[in-house]
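Going by the order they are written in, the chains are A, B, C, D, E and F; count residues from 1 in each one.
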């Protein structure tokens, strides 16, 4: 039943996402004693002008 | 005041979304005794490589 | 695969939530042509001091 | 540590977003007594057919 | 129409939250040229064992 | 910069959460080539009457 939402900076490849969801699902199953079919993951790509830290857009850094 | 966020797989038409928000708003008003003007809905389209279940991207299934 | 998140003001009964998730699931299935077993819903109760509109906490209205 | 997510209607310029994250970060630092480097902000652009109020898509208004 | 979600560490007073929503609403109105009645804010309190950075729970720091 | 939100059913121990955030952070660092200090994780506990699948509250199953 765990539902995961991950915001990541735009530009990741599908290969990176494929590895990411496999490894994150494993990490959850090991820690919470659930089976992988219970784990849903939503990825969201953030454009550099849609993320800010310290009051500044990432695209301005 | 209910605020709804719905993640759906990319590819839904505007007609489907129009029906979706009308029906979901009705469902909420009937269940929670609120008026429709209080209900906000955010839709987010998920590309097939941005959703995973069972450790696999949906685009790989 | 639709994943729904609903923020509602605290104080709803379990009966109201039971009706809510049944009706919202129906609304989604009718609009998007998915089966109910694909629909996940997360409810979150907002305390009145954790929701604001027009710059004011709901608990101050 | 505050993490902020803001959904805004599509069409905002990068200049508007730059001002937005600077001012929101300030607002948080003044209210919660944290330093700006602790504040993360995610912006998400909503297409007009991906936001609804009162049971209607914004694109239909 | 901007909808804001803010995760903050548990322990903030209602007075701090009152100031926070007033100032954040102002910040948004000034930056995006919207009126305050359009701005909704959801606050969520994070227990120290429900937030992690650098692979560690905040309660362990 | 990855920001992770995980909804989990209520009842997990702090030990389980400690393992979870350590392993999920590792999984992200290995997949996306970021350092652990860039990874933030928010956990949210869902009461059984606040999660539904197939139109039914989890507390009714």
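What we mean here is this: contacts are C-beta pairs under 8 Å (C-beta built on N, C-alpha and C of every residue); 3 or more make two chains touch, one makes a residue touch a chain.
A quick note: this is a predicted structure, and the numbers were derived from the prediction, not measured.
**Q** Return the chains common to the contact lists of chain D and chain F.
**A** Neighbours common to chain D and chain F are A, E.
**Q** Quick one: superpose chain A on chain D by CA and send over the rotation angle as a multiple of 5°.
**A** 120
**Q** Same residues or different residues: which describes how chain D and chain E meet, taking over half shared numbers as same?
**A** same
**Q** Matching residue numbers in more than half of the contact pairs is the bar here; say which of D-F, D-E or C-E clears it relative to E-F.
**A** C-E
**Q** Using mean CA coordinates as chain centres, what's the chain B-chain F distance in Å?
**A** 21
**Q** Return the distance between the CA-based centres of chain A and chain F, expressed in whole Å.
**A** Computed from C-alpha means, the inter-chain centre distance equals 11 Å.
**Q** Would you please write down the residue numbers of chain F that are in contact with two or more other chains?
**A** 3, 7, 26, 40, 42, 44, 46, 51, 53
**Q** Which pairs of chains touch each other in this structure?
**A** Those chain pairs which touch are A-B, A-C, A-D, A-F, B-C, B-D, B-E, C-E, C-F, D-E, D-F, E-F.
**Q** Report the residues of chain F in contact with chain D in the complex, numbered from low to high.
**A** Counting only chain F, the residues touching chain D are 3, 40, 42.
**Q** Using the touch definition up top, name the residues of chain F that touch chain A in the complex.
**A** These residues of chain F touch chain A: 1-9, 12, 16, 19-20, 23-24, 26-28, 30-32, 46, 51, 53, 58.
**Q** Give the list of chain E residues in touch with chain F in this complex.
**A** Counting only chain E, the residues touching chain F are 7, 44, 46, 49-57, 59-60.
**Q** Would you mind writing out the residues of chain B in touch with chain D in their complex?
**A** Going by the criterion above, the answer is residues 14, 17-18, 21-22, 25-26, 36-37, 39-45.
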